[in-house]
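One chain, chain A, links the two complexes that follow: it is found with chain B in the first and with chain C in the second.
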Partner chain A sequence: MKIDIKKIEEIVGENNYSDNIADLYVYSSDASVHQAMPAVIVKPKTIEEVQKIVCYANKKKIPVTPRGAGSGTSGHTVPIDGGIVLDLKQMNRILEIRPEDMLVRVEPGVVDDDLNRALNQYGLFYPPAPASSRIATIGGEIAANASGVRSVKYGATRDYVLGMKVVLADGSLVNLGSNTRVHSAGYQLERLIVGSEGTLGIVVEATMRITPLPKFRCLAVANFNSLKDAGNTISDIITSGSQPSMLELMDKVGIIAVNKAMNLGLPEVGAIILFEADGNVKEAVDYEMKKMKGICEKHGGSGIEMSYDAAERKRLFSGRKKLFAALSRYKEGIICTDLADDMGVPNSKIAQTAEKIHEIAERNNVIMAVYGHCGSGVIHTKIMFDTTKKSQWKDAERVIEELYDYVHSVGGVTSAEHGIGLSKAPAWKKARSDILPMMKAIKKALDPNNILNPHKLMDAPDDWVKATNLRYNVRS
Partner chain B sequence: MKIDIKKIEEIVGENNYSDNIADLYVYSSDASVHQAMPAVIVKPKTIEEVQKIVCYANKKKIPVTPRGAGSGTSGHTVPIDGGIVLDLKQMNRILEIRPEDMLVRVEPGVVDDDLNRALNQYGLFYPPAPASSRIATIGGEIAANASGVRSVKYGATRDYVLGMKVVLADGSLVNLGSNTRVHSAGYQLERLIVGSEGTLGIVVEATMRITPLPKFRCLAVANFNSLKDAGNTISDIITSGSQPSMLELMDKVGIIAVNKAMNLGLPEVGAIILFEADGNVKEAVDYEMKKMKGICEKHGGSGIEMSYDAAERKRLFSGRKKLFAALSRYKEGIICTDLADDMGVPNSKIAQTAEKIHEIAERNNVIMAVYGHCGSGVIHTKIMFDTTKKSQWKDAERVIEELYDYVHSVGGVTSAEHGIGLSKAPAWKKARSDILPMMKAIKKALDPNNILNPHKLMDAPDDWVKATNLRYNVRS
Partner chain C sequence: MTAKKVDFKRSKKWEQELNKCIRCGYCYELCPLFKSYTWESDTPRGKLILIYGMIADEIKPNQEIVDKIFQCFYCKNCSDNCSAGVPVTEVLTDARADLIEAGYDVKGTIVEIDENLCSVCGVCVPLCKYEALSIKDINKDQKKIEVDKIECRGCGLCVAACPSEAISQIEGCDITLPELHEKVKTLIQTYEDMKLIIFCCNWSLFPGMQLSESPTIIKAPYGIIVTMCSGRVAPELILNAFHEGAWGVMVAGCPPEECDHDGNYKTRRRLVLLKNMLKELNIEPERIKLEWFSTGESAKLKNAITEYVKELEKMGPIKKIEIQKMVGG
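Then we have the complex of A and B:
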């Protein structure tokens, strides 16, 4: 697997690749615990360049790992087999905004917030937005089927992909999907690509459905004595037929962390819920907010603050927005890791899963935060521990196993919106062994030389600790 | 390919199969123009029976064509290679309604209207509903990615499938997807199955997302002088950011037909639009209705009738509801055929496509009705002609070719919600030649013996006229 650097330079030009060790190091990890060195970073600017690179790699059987912002938490973009990391951030043009067809055509490196800033001028928006929307690219969001805070009303990336251009493993370009709201014209291949984590093809252009910005948004915060009360409130809101445009949970660990990091002075109660409704008519938003407020109060929710004002909403949301970054400030000497950081459970299982997470954490000597887009069943966590100690990594291993066994036992999934990658693969493969042959058959049919992001998902190693280096200094 | 009838009887019992010629004849056609005789009809009652039948067929390389109501319009369930027709209508149990998780688990033979009657008791509904919802099964709707009158707000079947159990070509059972609103846990295989027309696996159970019934629905009808005005109104309503829950078009041919068939006394204007809004707060529904009414009036819409009342809404919708059946009454001596009966175009191309359809029809001596769920870009047509005459079939062939060339030239798709099957395959294959190898590779990977609904979609014959018998008496 010797890479011909001259060939690479010929394709993308001398300024658009690097095999400098410092650059390779930067690209050796993402937001996960994993680290592995690529042989070369390639930064294509056109579809043709992607085709030529992939075509060359396929002939020489060189692994190609596509990468957007590198904000993935499960190791999707860590090049476990070395080879080429394909950085798509330079393909970042918004090609076309078509309000008359309610769609937008973008290159994969377009950043989510940039897209929304452009759309806002037309009174439109693109709903799926992970917490990392400031840096996350549309290509990366497609790879992981990202959903974000408004998924409870608006759904996930898979619900917005209309069509896409994809470079397949042999370097050929296919044009999947349609320019229309619905289609029944051949396999829904564009939806197969969503969530495939770069293993089936390289998305080089995407046509996404967009939707009108609502005239009114009202956001509220409510405090709860216990995580159980907060979780049950969320379940009840959904079952009641309420239609929140956001329904977020944040536990005490999260509250303490944002207070420490940002000095917010939030009451350090059992849990906080954020709920939002949106619409074009204030009476309708009022109705939804009043109904949700009533359900909060029924479960002991207190200190409810509510606002339509954009600046006030930003303030109310600030703790949740910065939670991820703040968690590392929770306690001196412990590090916040992305391991079992994302799961999905049926709506009725939110409270019990949230409580179970704390119980498992305590029993295994780690700290875990529980938060996320619980209105759509998305639970996020972080496992926080002393990463310098081997014994604490063993603790983390036990936590992950116990946690996912529990999530699967209540009908949940290993990942709701972050993807499987490397970290979650062992737990996921154990739970979903029946679908692995089907996935492997499709992978082999489309990528017979196994060059596209190899050894991820169904082909990932069975031991996530040994899968790659850990990007932590484990001393004792 | 000799089928061992004893073996079939052993699997499903003596009352659940037939090779009686009268039965075979019934199952030799659907709502399309095609006809081909199966060797045996098998009516399984359990997943295990489906597995055993498919396993046997795979060993003997016998084609298996799954079938729901047989209401498909493109020949999906016509057994072009003979073999087994698998009638899934006996697997019609609603297994579980879980309002607490906003999902329902059903067998594939459950009829859409039956499901909605059951859900309505909980204040819930399943939005995708084709005009044939009185007989259409959920399995069939999954096969075609059906969408229906409310797709403009609620989307298509693909947006509601959470998970499914599928029997693959080797008889193995896989459990795809999740019980959660979103997931990023492996390939979105459940969405690959949607719209695959029975070529990749047999859906034996489906978990579908459901949603609260709105408290208010308001429906209106508006009359327009021309099809162009009506089409432009629809485009403008969507571009304006209005959120109709229904936005339907019906042309003069349709109006005349329903007047003849049902004596409705509708004004025989250029076109009629039906628009609906729904919601939990009347002020919000009023707002949307008023906004849409204003856009109608701007384009010369007149005689606008509007009602919240269920019985009145039923009356206003009655013409559209019965349109399909009524069209055969349009003119003595001509027959209404399902050929180029379904297409999707971008929102901005509705008026010009509708006009083009009439122009092509006139120039080629056939009559065509234009109607459909135009708010989501779905245009339906029927080609009406004297099916006893060979020359008229030639006319129909020209119409289809011209029409789909036009639809593809404006960025549209060959089918929006009816599927490709046999009738639409030549036009679709011509337009989408780039994706055929990818589809064939997936098909071969999952069904190496090509037993599941063979020779449909990408593998369909290039000449739809010669693909099968035509189920018409062509005399001269």
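Then we have the complex of A and C:
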């Protein structure tokens, strides 16, 4: 695989590619534990440039890994086979806002928060926002089927995709989906691209559904003595028919970490729940909040604070917003790694999974935090340990195996919103062996030369530790 | 240039902090250098990855890497907002010291002095709050201004103040005068409704779109140009904005006692003189406005902009002739 740099320069111009070591090394990692060097970084600005690059790569069988903000947590954008990293952040224009049709048309590099800032002026919003919305791109969100704190009411990215333009592995451009809310004409191909992690095509334009901003939002926080009580509260809220627009959990490890990192002074109780309702009729929002508050109290929830005020809501939510990074501050010598980070479990299994996580962690000498959009069954964790020690990586491996075996045994999924990439592939492949041949067949049909983000998902290596270099300096 | 052997003794003590960076990338949105260069290697996360790579001996330092490490305005938007609490600029300063000690020639955002133009008048020396500039003896009769490349924060106040135009900074990150002129021109020519140009200090960030563009959708009557310090807004920049067709110019800086560089005192003096000049030309001095905003007061900034646009709409455009007289064109 020899890349003709002159050819690349011809296509994107001299300022929009780089093969210097400073860039290659920085683009060799994302928010995961993985790292692998690309051969060149290319920053296209137009659809034609993307087509030409992909067409050239296909002829020469050069791997192409699309990249948005690189905030993926499982090595999605780590170019395991080297080749071209296609940085799409320069294709960052909001092309059209059509309130009359309730849709937007955007380039793939548009940042989620920016889209919402623009929509705000029209009294509209794009709901799937992940916690990383301040940098995550719409292209990356589509490719990972991202969802976020409001998925419990509004769903995931897949629920907002109407149509898209995609550059296929041979460089051809296809227009998938429609501009209408529903369509029924064969395979829902735009949905096939959702969650494809850059392995089937490059999204170069997306048409997304948008929705009016609710007039009222009310957010509350409740403290619980135990994680179990908090978990059961969440399950009960969901089965009660309440309509939360957010239902988040944060355990004691998380609380201690945000207190240390941000000096928040939160009570260091067993767990905290954040619940929110929204709507256009205040009495209806009040009703939902009261109902959820009652369920919290039934399970021993106390110290309940509630507010409609935007600044106050921001304050109440601030710890949760920055929790992932804050976990790094939990304890000296312990590092927060992005592993086993986003399981999904059935509603009835939230409390027991949360408790199981702590039990597995303790047994294997690591610390784990339990938090996440538990209202939609998403349970986030992070594995925290001394990354300089080989033996601790072995501990992490055992944790991952035990944890996923448990999650799958209760009918849960390996990844609820971050995707599979490299680090989650072994566990996921084990659980879903029946669908792998179908996925491989689709990949082969659309990308016969295996150039688009190769060796990810179903084709990822079976040993995640050895799949690539680790981003950490492991010593003894 | 051949690779030099570097002893990363200062940088190495940060290894554990660098492990704590979860590489979320939230710092991109806040980094003025990333916004002008658009390479991830220009972000705080990128720089930390490079430093980590060097101390872990995965990559060898070379000029390209060194240049990246020396590009930073120390605005600290990254470290102040890092939820993992990584002291980004402190790590950077130590890496810089290690690289300089190894003999690397550095440029980055550090100021450079053209000794052929410099008269060693010394005006710049007390101006620098970081004591990065000093007068050194070359021999018995000759002196020169020396730049401490570790301490220089790249604020550029000395560039704006040097009477001999002997101090310069690299182009490319939208901080030099010609680049700022070009930005003003592009804003006014691209957007039909553009009435107000705001020179906004990087420290009082505005909550507008950060990393995306919306060429046709957002028809704002104002445009924001981020400068590294209000002290860098030279009078000709403001006059030029009027010449290009702006109805008004707002300079948004940090309150006097809060400026990291003490640049805003100079701005205040400069703008008083400029307003008097406008009066003589029969132009309302109210077309220039200086406002102070603390870090995080973006809501206040937004309101101030809305109010000022209303005022300008009452005043209407400036008559072209007088402006041309002013800038001599």
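Heads up, the rule we're going with is that the second predicted complex is superposed on the first by the 476 of 476 C-alpha atoms of A that agree within 3 Å, B and C clash if a C-alpha of one lies under 4 Å from a C-alpha of the other, contacts with A are read in each partner's own complex, and residues count from 1 in each chain.
Methods note: a residue touches a chain if its C-beta (ideal position, glycine included) is under 8 Å from a C-beta of that chain, and two chains touch if they have at least 3 such contacts.
None of these values were measured; they are calculated from a predicted model.
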Which superposed partner A:D459 touches (first chain B, second chain C, both, neither): neither
Contacts of A:L168 with chain B and chain C, given as first, second, both or neither: first
Touching partner for A:M438 - first (chain B), second (chain C), both, neither: first
Touched partner set for A:Q121, first chain B, second chain C, both or neither: second
Partner chain in contact with A:D19 - chain B first, chain C second, else both or neither: neither
Partner chain(s) touched by A:E9 [first = chain B, second = chain C, both, neither]: neither
Which of chain B and chain C A:E312 touches, first, second, both or neither: neither
First, second, both or neither for A:E401, with chain B first and chain C second: neither
Which of chain B and chain C A:D81 touches, first, second, both or neither: neither
Of chain C and chain B, partner touching more chain A residues: B
Touching both chain B and chain C, residues of chain A: none
Touching residues on chain C, where the partner in the complex is chain A: 15-16, 19-26, 28-29, 38-41, 45-46, 49-50, 52-53, 55-56, 58-59, 62, 64-65, 67-68, 82-85, 207-218
Complex contacts: residues of chain B adjacent to chain A: 98-103, 123-124, 144-147, 151-152, 155-156, 158-159, 168, 172-176, 178-189, 191-192, 194-196, 200, 212, 235, 238-239, 241, 243, 279-281, 283-284, 287-288, 342, 344-348, 376-378, 411-420, 424, 428, 432, 434-435, 437-439, 441-442, 444-446, 457-458
Chain A to chain C touching residues, read off their complex: 18, 20-23, 25-27, 29-31, 41, 43, 69-71, 87, 89-90, 92-97, 109-111, 113-115, 117-118, 121, 132, 134-135, 261-262, 322-329, 332-333, 335-336, 338, 387-388, 469, 471-473
